[in-house]
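Working notes, beginning with the structure itself.
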Amino acid sequence: MSPVSQPPASRPRARDLGVRIGLMPTGATNSIVDVADVSVGHRTIWRDEPGPPSGRGTARTGVTAIVPFRSAELFARRVPAGAAVLNGAGEAIGITTIQEWGVIESPIMLTSSMAIGRVYDAVIAGLVERIPRVGIDDALLPVVAECDDGVLNASRVVQVDAGDVDAAIDGAVGSVRGAPDLGVVGAGTGMVCFELKGGIGTASRVVRPLGRDGSAPGRAADEYRVGILALTNFGWLERLTIDGVRVGQALVDDGWPVAGGGTAEADVHVTPRERGSCVVVVATDAPLLPHQLERLARRAGLGLARTGSTAGHGSGEIFLAFSTGYRIERDPPAATTVTTHVTDSYLDRFFMAAVEATEEAVIDALFVADTVTGRDGFVVPGLPVDRTLGLLRAAGRLA
Amino acid sequence: MSPVSQPPASRPRARDLGVRIGLMPTGATNSIVDVADVSVGHRTIWRDEPGPPSGRGTARTGVTAIVPFRSAELFARRVPAGAAVLNGAGEAIGITTIQEWGVIESPIMLTSSMAIGRVYDAVIAGLVERIPRVGIDDALLPVVAECDDGVLNASRVVQVDAGDVDAAIDGAVGSVRGAPDLGVVGAGTGMVCFELKGGIGTASRVVRPLGRDGSAPGRAADEYRVGILALTNFGWLERLTIDGVRVGQALVDDGWPVAGGGTAEADVHVTPRERGSCVVVVATDAPLLPHQLERLARRAGLGLARTGSTAGHGSGEIFLAFSTGYRIERDPPAATTVTTHVTDSYLDRFFMAAVEATEEAVIDALFVADTVTGRDGFVVPGLPVDRTLGLLRAAGRLA
Amino acid sequence: MSPVSQPPASRPRARDLGVRIGLMPTGATNSIVDVADVSVGHRTIWRDEPGPPSGRGTARTGVTAIVPFRSAELFARRVPAGAAVLNGAGEAIGITTIQEWGVIESPIMLTSSMAIGRVYDAVIAGLVERIPRVGIDDALLPVVAECDDGVLNASRVVQVDAGDVDAAIDGAVGSVRGAPDLGVVGAGTGMVCFELKGGIGTASRVVRPLGRDGSAPGRAADEYRVGILALTNFGWLERLTIDGVRVGQALVDDGWPVAGGGTAEADVHVTPRERGSCVVVVATDAPLLPHQLERLARRAGLGLARTGSTAGHGSGEIFLAFSTGYRIERDPPAATTVTTHVTDSYLDRFFMAAVEATEEAVIDALFVADTVTGRDGFVVPGLPVDRTLGLLRAAGRLA
Amino acid sequence: MSPVSQPPASRPRARDLGVRIGLMPTGATNSIVDVADVSVGHRTIWRDEPGPPSGRGTARTGVTAIVPFRSAELFARRVPAGAAVLNGAGEAIGITTIQEWGVIESPIMLTSSMAIGRVYDAVIAGLVERIPRVGIDDALLPVVAECDDGVLNASRVVQVDAGDVDAAIDGAVGSVRGAPDLGVVGAGTGMVCFELKGGIGTASRVVRPLGRDGSAPGRAADEYRVGILALTNFGWLERLTIDGVRVGQALVDDGWPVAGGGTAEADVHVTPRERGSCVVVVATDAPLLPHQLERLARRAGLGLARTGSTAGHGSGEIFLAFSTGYRIERDPPAATTVTTHVTDSYLDRFFMAAVEATEEAVIDALFVADTVTGRDGFVVPGLPVDRTLGLLRAAGRLA
């Protein structure tokens, strides 16, 4: 492998190629940053060094930060949140507090499984500096979720450093620059999805709440956004379903995986079929209560199912949802609080949006992520886009 | 057994004898009906007939209804609710909806384990008559919880009839008549607690919310009530702890259980040591969100622990909490709702109240419930009150 | 409506028309009774009487019993079980005990929402007669789950009687007669799915466990079955997806629902878009531990997602799984038990089977269930099969 | 404060002073290491440096490792585990996997809240070195739980270093040296419990399983141990209950807290009343299945309740249980596994043991932990032992 290798550039997004998943309209950038006050930052870590002790080996990993509002003020003014687990062979540090208190008070960090400790440590170090009350009034418990990129990434060496974490958080930007970088980037750098190159995918939907009689309220103000960011690292190729089309089975029939390989030793059983996971972050600017956000998070699993997930035994499908529609103060001034929130019986369109956008975010990650060669010469091919588009077209599924 | 046997009259309540459990002030009646808009009704079923086919056998059972507001309007204007399970060897029909939606839309009914179907059926019949929209707009799913009174009650025959259910609901009264009837009454008629006669117990606490710095807000209006009604049917005698005093162990040392007995066949292994359960209903007039109510319900288990519960394998410790502090409309007029609720960081005193009042409610049930002879001549003795008071006095625990 | 109306006969099953959902082989009857020692019985209740007080109105409902082994011996020799809830706007009486103890000790009954009390009561009455120890040693807590058939069925009158329950249980048969009756039958009689006629659907898969390296163990004995029975009563037409093809959207584009109607009063808002639910029963003859069965049950939701479910706010997606691979004795002879169970890392194919077979069971229900006219003249049309097959063929999805 | 300050030596344990909590016999050392194959190691971090930038400030913290078998072989041969949360305002990294898979595959680490990332990172580094397959076959997800010691410890600086983590793990010893060090040691160094000095407490019970008729099986081999290690950092003084005696209320009546203080600035609201948490680790050598261990873990909360816990809003009561009675292989050789486990209906004595031993472990921590002066001169006094013994004696509660 050449020492000057670089992460592949992002390929076109699925929707730009005519793929139309779901029935609801997307937001302006069809990404999580369509949700007001949400920004995303990545730090990609890509190195081709010899292994220890002379170097750190082949790094194909990174860090992604999803930041509601601004990282340094979240501790004092938290966002409502909820979490759900479909299959829990993974971890999101902070999930217990999210489930109990229904708040998130730090950026949501995504990274490689064995790097979550270091990322947690770096978030602490960075925020202690900026927030004088951390550790005086209360401890800060950052949220750090993981998928295992050990197929491509030399994960025995924790490749992430504190500076990478700061860079991801500080580099987070909202919708002014369009959708965030996608695919082989940040925490997605080394991820494998349906035995193809996966990584970061995103999508969004515009939601007008709908009552249970099917009628929507009339006011224009009642329009919200649901945005998804997915770290995709799961699935068996033969089950890959793109907008209902059995693309995976067709690829297997074609003889895929055509690539694979690497050194002889690496090749043999280097990879269990379902080693991966999928962390889905659901954001909305609708004012949802924590328990409503938990219910919203739960719907992410339905989106995964539509792409072919069967939530493998070894997979960590962990879903975190938050709202930027209101804040929950750390030191509230009064014993009672007045909250405006979406009426329960108007939740259905939000659920639909979460399902649709999760499905699209996973598929999007596959479209944009190109082939990556990683540790020990192991190659994970990108989705063959032309073949895929041909299959979709044959099934009448291209716009 | 005499055919003219009757349920024993209630004995004095624990607090009236000087027992002082916990640190917080009680409400006016020290019962669940101290909570605004809560009423309680019982129907005691006590029969001494021959068994089938000529009669229904020995009935020592009943129905208890806890009614927020009025039963016929709950369907349209529901109360927020939450549920928690400490050990789930039991059932509360409706718990799944409470956990998902966080509402209760019917009276909460308590009865014998194998009677919950009939009680459900009777609640349906009664409310369909009074609520024209039931079954047109939506099904009604009543809440019916159970403990097993099969030690004293001939439970193989379902002893409850529809008329009993109507009587319990229609007879429900609030605080105007003081605390509800207690002990060997309603669903409590046949229950056994710490191998002594148990049944219905209750207690309440007045709560002034407290911030996390220990300071309370200044306004007099910020005063709420937490009320407990417990259906007590659990526990091993040697673990019975009354206000910290090991009364159960002392009774065992005294040679208890002195009674027991019945026919030879019934006596042998008629009763597993932990056959029972404990359903705790937690009510408050504080405006708590569903998730806050779920957290409040969870604290009931801590109160049980203080009486000596170890949550036996065969026990159903199921806790249901609701608030009368606001209503959740079935057909809300708008896509958003404004709710005033207690601020999370002011919840601690509510939790304390639930723990204290649950502990007291269980102990109260033991004090008031006198000896009952049931099916097959089986006798469950009431707590020996004088001996107990002596033990408490010796430990410095009587007021 | 004619007083001689009858339930429509079952139409051909999806697979018999060339629909091939999923990748795994089906069992002999492609139904839940392919699982050893499982039988299914239905009692369909179909009446066209005037409403109360002169009659019981229009009955379009029933009872379905899924019976592991034989109903009268389950109390003593229970089957391992697990449960999962995707959206809990519904109830399965007994779910709390299933979650705590991991056993089922009665037939699993399905019926109309407001009839679950009466069905519970009838199961108690029937089994008390056959099992002398019920109520002596322990209470029996039957399992009764529901969906709301109030759109077609006059559900304000509980239409089920005790005799119907006995008939469903006593009529249960295993695979000797092939797949059980499907569609507009038993509890499925009045159900509505994707705004089309739904009801009972089923499917099965043959499973050879697979290790995480993708290799299967070599012994022929290692072959198991996973069977699904679904009571389908959920969904929005425009989201109906059949084997990946957007049939629902095409039907909406065609102008569907073409039918509907009924009297003027009934027509207006008689039906919220998502009033329904979906109860899925998962059976396997593989020896799975209770927690493994809970995980298996959870996968049913992924199958629903593939058909277009977004788990609506008003829907009760409740999943119950059990194994006939071993028994759990009520009165075990020793303090330790030896159990043979499927190794965790070999679970993936079971999960896949549950996802696939759930998807197919829902679709199967739509294919077999013909149009039904119910209360107040309300009509729910059956899936237009020819149009559907045309759409599948166009997408290359017919075998 | 003197720069040569040292952690106070452990004071006598409660039982050695005649305190007798619960009814069951203790193991040989009355500690978690009575459980076969369990060892415990601590690293206490105690520094009195100036704050940053010239030093790291006042360290009153540390790391505790609970090690089943040996740390380097747990990855391949895991122990069955379960987890429960009473109030989730805290975190145990790894809890999601424990709940899903029911295994623990690393030492269980306890430390200060904001140090869990660094401890995780150090466990990874240490074990990668010793286990060649970590990161090749699978990621390793260590278990790291926390309480917040920020009242005494300058927690804004993460005081733990990788070497401390190695030292705690490498120094772990079993019962050969008696009970582990207790009180102001390891992760317990800076903890505060009932506004008194808390820290590490432990206790154990010997369990002979008991059937539900109260009879035990006859074989001597059926004897197991349940051991508790608690990191105690919760509670309001006035609720402190020691073996049923209201010691806390008596101390408040005495004018406690007599100490407190520190610099003027620190003194004012430096500490919310309930900032703390309680992590309880439950170990047993009985072969319990994961779901049984989850149920066992849940009982720890009942033990806390008996000491006066009301599970405050801000508290993280997180309970982790594991068994050394059998192993769960990472790469099992066959699709089925044969497991011997305790029969469900024989669990009650295990539950009782967990309740009793948790209660005693908390009280033990208070007895052994002497006064500590920490950051900004803040003083947390040790339980006044003589006064406490006097109160217990007066209540007849001293052996």
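To keep things simple, chains are lettered A, B, C and D as they appear, and every chain counts its residues starting from 1.
As a convention for this text, a residue touches a chain if its C-beta (ideal position, glycine included) is under 8 Å from a C-beta of that chain, and two chains touch if they have at least 3 such contacts.
Here the structure is a predicted model, which means the values were calculated and not measured.
Chain centre most remote from that of chain C: D (centre = mean of CA atoms).
More inter-chain C-beta contacts link the pair B-C than the other of A-B and B-C. Taking each chain's centre as the mean of its C-alpha atoms, chain A lies 34 Å from chain C.
Inter-chain spacing, taken between the CA centroids of chain A and chain B, is 46 Å. Distance from the chain B centre to the chain C centre is 35 Å, each centre being the mean of its Cα atoms. Within chain D, the positions touching two or more other chains are listed as 87, 100-101, 272, 275, 295, 314, 344-345. Interface residues of chain A, counted against chain D in their complex, comprise 85, 87-97, 99-101, 112-114, 116-125, 128, 134-142, 144, 146, 148, 150, 154-158, 270, 272, 275, 314, 316, 318. Against chain B, in their complex, chain D makes its touches with residues 23, 86-87, 210, 212-214, 238-239, 241, 243-246, 249, 269, 272-275, 295, 298-299, 301-306, 309-314, 344-345, 347-348, 351-352, 355, 394-397. Across the complex, chain A is touched by residues 100-102, 209, 211, 216-217, 222, 287, 289-291, 295, 328, 331-332, 334-346 of chain B.
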